[in-house]
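Going by the order they are written in, the chains are A, B, C and D; count residues from 1 in each one.
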Amino acid sequence: MHGLILILIVSLFFGGIVVKTKSICAGRKGPGIFQPLKDIWRLIRKGAVFSETATILTRIAPSIYFASVLLAVGCIPFGNVRGLLSFQGDFVFFAYALALGKFFMIIAALDTGSSFEGMGASREAHFSMLAEPAFFGVIGSLALYTGRTSFLDIFTYLHFGNYLSYALGSVMLIILVILTLIENSRMPVDDPNTHLELTMIHEVMVLDYSGFDLGLIQYTTNLKFAMYAALMANLFTGTLRALPDILIFLGTGFLLAVIVGGVESFTARLRMGRIPQFAFSLTSYALLLFLLVLFITGRFS
Amino acid sequence: MVFGYYFGLALLIIAGLVFSRRTQGHLILLGLFNLLQWSLTAYAGLHLNSGTGFFKVDALAVIMLVVLSILATTSSYHSVFYLQHHHRLHSTPERAQSLYYAGLCLLIMAQTGAFLASHIAVTWIFVEITTFAATIMIYHERSEESIEAAWKYLFVCSVALTLAFTGILFLGIAAEEAGTVNLFYDSLVTHAPVFNAFWLKMAFLLTLIGYSAKMGIFPMHTVTIDAHTVAPPPVSAFISTTLMNVGFVGIYRMYAVVARTSSFTWAKHVLLIVGMLSVFVAVVYLVRVRHFKRMFAYSSLENMGLVAIGLGVGGLAYYAALLHLIFHSFTKASMFYQIQQVHQMFRTYVIRKTGGYFRNYPAGALVMLLCFICIAGIPPSGLFISEFLLIRAMLAERIFAILVTLLVLLTFAIWALGKNFMQLIFAEPDQPIGIQSETLNPIHSLSQFVLLGLVIYLGLNPPPQMVTLINEAIKIIQ
Amino acid sequence: MKAIILILFAISLLNISISNRLRGFARLLTLQGFLLFVLAFIQLNEVTILNLVFVLLETLVFKTIVLPLFLDYVIKKNRITRETEPYVPYFVSLLIVTVIILASFIIVQQIEGLSGNTLFFIVALSTIFTGLYIIISRKKLITHLMGYVVVENGVFILSLAIGNEMPMMVNTGILIDLFIGVLVMGIFVNKIGDVFQEANNEYLSQIRD
Amino acid sequence: MDEIALKLLPLVVAMLLGSVLIALVETKLKSLFAYVVLVIIVIGSSVPAIRALAGHPLEVIIKNPQVFGDIPIRIDALSGWFILIINLTMLTGGFYGIGYLKAYRKENTNLSLHWILMVIFHLSMLSVCVIQNGLLFLIAWEIMSLSSMLLVIFEHYKPETLRAGLNYLVQMHLSVVLLTLGVAGLYLQTQSFDFSSAMQLDNAAILPLFILLFLGFAFKAGFMLGFIPLHTWLPHAHPAAPSHVSGIMSGVMIKIGIFGILRMILLFPLSKTGYLEIIGWIILGVSLASGLYGVMLAIIQHNLKKLLAYHSIENIGIIGMGIGLGCIGLGIDNPYLSAAGFASALLHTLNHSLFKSSLFYAAGNVYRAAHTLNLESLGGLFRKMPHTALLFLLSALAICGLPPFNGFISEFILYGGLYQGSLHARPVGALLLILTILGLALIGGLAMLCFTKAFGIVFLGKGRKPLPESDWQEGPGNLIPLYVNSGLILAIGLFPATFVKFLSAPLALFIPNFNLSFFNFELLDNLQQVSRATVGLLAVSLIMLGIRYIVTHRTVQEVAPTWGCGYNGGAERMQYTATSFVRMYRKLAAPVLLVHRKNVEFPEIFPHEKRTYETHPEDALEANLIDIPIDLMQRFLSFFRFIQNGKIQNYLLYGLVFLFLIGLLSWSKLI
C-alpha cells in the first residue's frame, strides 16, 4: 500500500524539479518546486469552457485517463511488498490500462473537430503504437531471466543470480528512460513549451481543455512520470528492507526529473519524420536485450 | 416378338401423325405413343436379360429406357405448350406441326431401338435414324439459322457415322481373321481377346470419333452445340440428354468389347484424353458465352467430358459415370424446359438482355436457382455425389495431376455458370420486360421441380433397385 | 481382273481431286458407280437371286443413273456456277491425294495377317480419306455432297472386301441408310438454294462463338 | 433410435415446415414470424449444447447404407460451445434484422426468400457442428456457404453486390473442393466416412489429409497463409451484405472454420506422428502473419464495413495464435501451455462474435442514417445517434483488447501462455515466442490506431458532408442487440472466471490427462485477480467522474467555438480526415500496402479548377496472387477461340486431326 503513497508523493514535486533544472541550466532562478502543483490546484477550482462540437466524451475522458493511470500505478510493487494488484501477468494489465487512457485521450482530441487536435491525436496514436512492443520485450527478457511472470516475483528474484543482473538492470534502465520520454512526449519527441500548434503532440491534444479537466490531465502526466520512476527504482531495490527502499524510490524520482530537465535543456526536437525510427528502435533494443538474457542464462548452448 | 410389335405400332403412329391434320389427332396419337413407350419400358424392366433376334434387354438398356421414357413424357408435355405458343406468334402451318410430332416420335423409337440393339450394326442403323429425326425437328422453326444448323447437324453426323461404320467394318475384318462369323455383342465380347490388336484399336477409335458427334464429346462436339442453340427448347432438352445417352451406349458397348483385351489400358488413356479435352474446350467457351442455350450446350459438353473421364478412370468411376449421366439428363432437361419460359418473358436468349427474373417470376427463378445448384455439382445435388465418387476413384488410381487440372477447370466453369445465372435471376434488366408474368403460370415449372427433386432425392438415398441395376450395367465392362 | 478395276478406281480418285467443273465431277461419280457394279458382280461368289438383284439395283441403278441425274437437277435448279471453287489450288490437292494413296499403301503393308485382298483395303482406305479431303477442301455445298458420295463408295469397297461374312441383310440395310442420307441432303441443298442465292459456305457460318 | 433422436427429428422437421410457412405470412408479420422460428431453433439446439458443456455429450447414429454409411450425430463439449455462440449471434442478428429490413417492406418476395435462407443458414451451421459423417458434413458445409451467399446478395440490384456474391461463391467452392479431397482421402484410408475413424489412420496419410482439411477450413476462417491468400472473400462479401447478415457471418460463420480446425486437431492422431509441435509452430506463425496483415490493411480502408472485415482477419489471427500455442503445448506436453492456448482461442471466438457483430450492427445504423459508409463523407454522427456511438466505442475498446472488457481477457490468457512458453521452450522457441509477443503487442497498437480513426472520424467532430434527410431514428429495434452484446462484453470483462469455467469441458477434450484442479488452480484463480483489477478500474473511474461532478457542477460551464487560431470559417473541411489521420502509418508501411493515388496537379500558374487527391487502398496479396493468375488463365483460354467458328470443314478436320493424333501417340507408344 505504501508503494502507492510514495509514488503520489514523487508525482507532487516531479513537475517542479524538471522546471527547476531547466531554469538552472538556462541560468535563471526559476519558480519554486511546487509551482506546477499550485497551477493544478488553481485550475481545479476554475470554471471550464467546452467547444460546441464537443460531446460528453470530452467531459469524461480525462477522468478515465486518470483512473487508468492510477490503476497502473497500483500494479507496481514496492521492494518485496506487493502492490495493490499483483497476479501472474499483471504487467499486461499495466500496459493495456495505460493504453486505455491513451485511447480516451485520442478520441477526446478528435472530438473537438479541430485540425490541430486531429494532428496531435494522430501523432500520439502512432508513437504509442510503435513504442508499446518495447515494454513487452523488456518484461519478456526479465521474465525469462527470473523465470517468473508477475511484477512482484520478477523484481524480488531479479538479484538472486550473480552480479550480472545489475548490468542487465542498467541496460533496462536506459530503455525505460527513453520509453518514459516517448510515452509522456518530452523533448526528443516533442517540445512541451512550444507555441506553434503544428509542432506540438501532447500539448495540442489538450488545446481545448480548461478548468478541472486540464488540471487533472497535467497531474496525470506527473503521476505517469512518478510511475515510471517507481518502475526503475524497483530494478535496484532487490531484497533491501523498507527504509533504504524509500530513499531509493525518492532518489530515483528526483534523479529522473533532473535527467528529463537536462535532456530538455540540451537537445533539440527530432524532425517529425525521424521520430518513428527512434520509437521503433526501442523495440529492437528490447530484442537485443532478450538475446543478451538468453546468452546469460546459458540457454544458447 | 414384343419388339416387333413395338416397332410396328410405333411406325403406324408416326405415319398417322404425318398424315393427320387436326391438332386433336396429334395429341391423341402423341398420348398413345407415350403409353406405348411406357409399356415397353415396363416390359423391359420385368424381363431383364431376355431378348430375341437383334434386340436384347440388359441392365444398361433398362436404365436408359427409364430415363428416355420420363424425358419423353415431359418433352411431349412441353412440346404441346411450345407449339401453341409458337403458333400464336408465327402461325406455323399445320404441316410443320405434324412433321414436328412425327419427328419426335421417330426419335424416341430410334433411341429405344439403339438402346435395345444387341448387334453392333443394328445400333448403328438406329443411330442413323435418330440423326434424320433430330434434323427434322431442328429445322422446325424454318428460319435461316435453323436451316444452317440442320444442314450442319445432318452432314457432320452422317460423315461421323460413316466413320463409325468403317470402324464396324474393321471390327468385321478382325472377327473374320479370328474365325468367328457374327458381330453380335455377346460373341464379340467372348472372342475379343483373340482379335488382332491393330484392327481392334482402329475400330474402337473410329467408333469413338463417330459416336462423339452423337454424345457431344471432344472431336465432333461442334455440331451438337449449334443444334442445341437453334432447336426448339423441348427438342434441345431431348437432344442434349437422351441423344447423348445413345452416343454413350454406342461407345460403352464398344468399350465393353475392348475391355477384355490387352489394349484396354490404351482405350482407358484415349477416353481420359477425350474427357479432359472436352472439359477444357467447354471451359474455354463457358467463360465467354453470351447465349443461354449455347451455355447449356457447353455445360453438357463439360458433363459428358466428366462421364468420359469416369469411363477412362475405371473401378468406382464406372458407377460415378453412369450416375452422372442419369442426373445430368434430368438436370439439363429441366434447364431447357425452364429456358422456354425465360424466352416467353424476355423474347431473347442473350444473357445480357435478361435480368430481374426473381422479381417478376419467383417460381421460375427458384427453378433456375435449383438448376444452377444441381448442374454446378454443389452438394445437395446428385451430380456432387457422382463427382465425389469420381474424385475418390481418381485418388485411388493416383492420377493426381489430371485431378488437379480438372478441379481448376471445374472451378472456372462454376464461376462462369454462376455469373450468368446470377445475371438472369438477380441483376437488373437494362430494357423493360416483354409480357407480364401472369401469362407465365407456374404449372409449366412443375415438371422441372419434379425432375430436380428426383436428382436431389436419388443422389442422397438412391433406391436399392437403381443401385443393383447400375452395378449390373457395370458388369458388362468388368 | 479385280486388280485392274481397283486401279481404275484409284485413277478416278486422282481425276476427282483435279476436276474443276461440277459436270466433270458428276461424270466421274457415275464412272465410279459403274466400276463398283462390276467389282461387286465379280466379288459376290454365292450368287443368290436376291443378292444379285439387290447389288444390281443398288450400284447400277442408283449410283450410275439416279444419282448423276439428281445432282444435275440440283445444280440446274439452284443455278450453281460450274466452278468447284476449292480452298486449295488443284495442283496441291493432286499432291495431297497421291500422298493419301501412298500413306494408305504403307499403313496396309504395316498390318500383317491380311487374307490376300490387300489391294481392296488400300483403295478403300484411300477413297474414304480422299472423300473426306474433298469435303474439307471445297467451298461449295454441292461438292460436300459429292465428297460424301465418294466416302460412301470407299465404304462400299471395304464392305465388299469382307462382304461375304457380314449378313447380307444388315449390309444392305446400311447402304440404304447411306442413300437416304444422300437424298435428304439433296433436298436440303435445294432448300438452302432457295434461301441463299449463292449456296456456298460464307453464308453458312452465322452460328459461331 | 433412442428417444433423444426422436426428439431431434421432429425439431428439424418442424423447422423446415416453419421456414416454408414464412413465405405465406404477409409482409408485416413475416420478419417477426421468422424470428419466432429462429428462437425455437435456438432453444431446441441450446438444450443439448448446455448438457454437453455440463459434461455428458449426446450421440445418435442414423443408418443410410447406400451412400453415406451410418451418420453419427455427436454433440460433445466443443460443438456445444460453438452451438451456443451460433445461437447467441443468431438471436441478436435476427432481432437486428427485423429492424434493419423494415426499409425493404415493399420487396415481398425478396424478404420471404431472405428469411427462409436465414433459417436454413442457421440450421446448416448447427448441423455442421454436429454431424460427424464426412459426406453429409460436406453437404451441410456447402448448404451453409450457399445460403450465406444468397443472404449476401440481398440487395441484388447493385452490380457490385452480385460481383461480391459470385466471388464469395467461387472461393467457398474452392474450400469445398479441398474438403472433398480430404474426405475422399480419409475414406480411401479408413473405408468409412465417420470422422472418428481418422484415429486409425496410418502415419503416412495423416499429414497430407490434415493439410488438405486445414486449407479447406482455413478458407472459411479467412486465414492469410503467406502466399495462399484465403482471406480475399471477406473484404468483398461483408460490405455488400446487409449489416445484420455481415454481422452474423463475421460473428459466427468464420468461427465454423475455426471449429473445423479444432475438430480436426481433436480427431487426427497428430501426436502419433510427432509433427504436432511443428504444426503448432506453423499455425502460430501463420496466424501472426495473417493477424498483422489483416490489421495493417484495415487501417487504410475507406469503407467502414471493409475496415471491420479486414479486422475479422486480424482476430482470426489471434484465435489462430491460441490454437497454435495449444498445439505446441500438446506437442511438448506442457499442460499449462495447451490449456492457456486453447482457452484463449475458445474464449476469443466468443468475444469476437460478440463485439464484431455489435460493431457491424452499429455500422448498419450508420448506413441507415447516412446512406453511405465512406469514412471521408461521415462525421459528427454522435449528435444524431448517441446510443449507437457509445456502444460502438464500447465494442471498439473491447476489440483492441483494453482492460475492462472481454477482448482483454482472452489476450491476457494468450500473453500468459506465450510468456509461460518462452520460459520453458528451447532457445530458438523462446526467441520465436518473444517475437510473437512483440507481434501481438504491435497488433494491439495497430488495432488502437485503426479504431480511434474509425470511431473518431465517424462519430466525433463535425459532419464532413451534409447528411441526406433520412427518417431513420435510433429505436429499440436497432439498439437492443447492441445493448445485449455490450452487456455480455462487460460481464465477461469484469467476471472472467465464471465464463472461463465453462471452458473446462471442451479443454478436457483437447488435453489428454487434464486434471480439473490444475486448471482451477492455475487459470481460474489468476482470473479472479484479473476480475478484481478490472472491477477496480471501473470503480475508480466512476469515483473520479463523481468527484468531477461534485467539483465542477457549481462552476460556470460555457460553450464556445473550437480554438482555430483565430480562423472562424466553418471547420468541417479543416478537420482531420481518415486518410490524413493514418498518413504517417501509410508512409511507414508503404512496401506492404498497395495504394493507388490519383493526383490532379495545378495545370497552370493561376489554377481554375481545384486540385484533387484520391487514394484507393488495394489488397496487395489479392492483386498479384489472385488477379494476375486469373487473367493469365483468361488469356490462355482465349487462344482456343477458333474451335467453334461455324465452318463445316473445320468441324470435320477436328475429327481427322484427333484420329491422326491418337494414331501418332499410340504408334510412338506414348499412350
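Things to note:
One rule holds in what follows: contacts are C-beta pairs under 8 Å (C-beta built on N, C-alpha and C of every residue); 3 or more make two chains touch, one makes a residue touch a chain.
Given the structure is predicted, the values throughout are model-derived calculations rather than measurements.
Distance between Cα centroids is largest for the pairing of chain D with C.
One inter-chain figure worth recording: chain A and chain C are separated by 101 Å, centre to centre, where each centre is the mean of the chain's CA atoms. In terms of their C-alpha centroids, the spacing between chain B and chain C amounts to 31 Å.
In whole angstrom, the spacing between the mean C-alpha positions of chain A and chain B is 79.
In this assembly, the C-alpha centroid of chain B lies 44 Å from the C-alpha centroid of chain D. Annotation for chain C: residues touching 2 or more other chains are 132, 135, 144, 204-207, 209.
Annotation for chain D: residues 641, 644, 646, 648, 652 touch two or more other chains. With touch defined as above, chain A holds no residue shared between interfaces to two or more other chains. Contact annotation for chain pairs lists A-D, B-C, B-D, C-D, with touch applied as defined. Of all the residues in chain D, the ones that touch chain A in their complex are 379-380, 382-383, 386, 389, 393, 397, 400-404, 408, 411-412, 415-416, 419-420, 422-423, 426-427, 430-431, 434-435, 437-442, 444-446, 448-449, 452-453, 455-457, 460-462, 526, 529-530, 532-533, 536-537, 540-541, 543-545, 547-548, 551-552, 555-565, 571, 574-576, 580-585, 588. Across the complex, chain D meets chain B through its residues 64, 66-67, 107, 109-110, 113, 135, 138-139, 141-143, 146, 150, 153, 156-157, 159, 162, 165-166, 169-170, 173-174, 176-177, 180-181, 184-185, 187-188, 633-634, 637-638, 640-641, 643-644, 646, 648, 650-652, 654-655, 658-659, 662-663, 666, 671.
Against chain C, the residues of chain D that register as touching in their complex are 641, 644-649, 652-653, 656. Interface of chain C with chain D (complex): residues 87, 132, 135-137, 144, 201, 204-209. Those residues of chain B whose C-beta lies close enough to touch chain C in the complex are 119, 121-122, 124-125, 128-129, 132, 135, 144-145, 147-152, 154-155, 158-159, 162, 165-166, 169, 172-173, 175-177, 181-183, 196, 198-199, 226, 229-230, 285, 288-289, 294.
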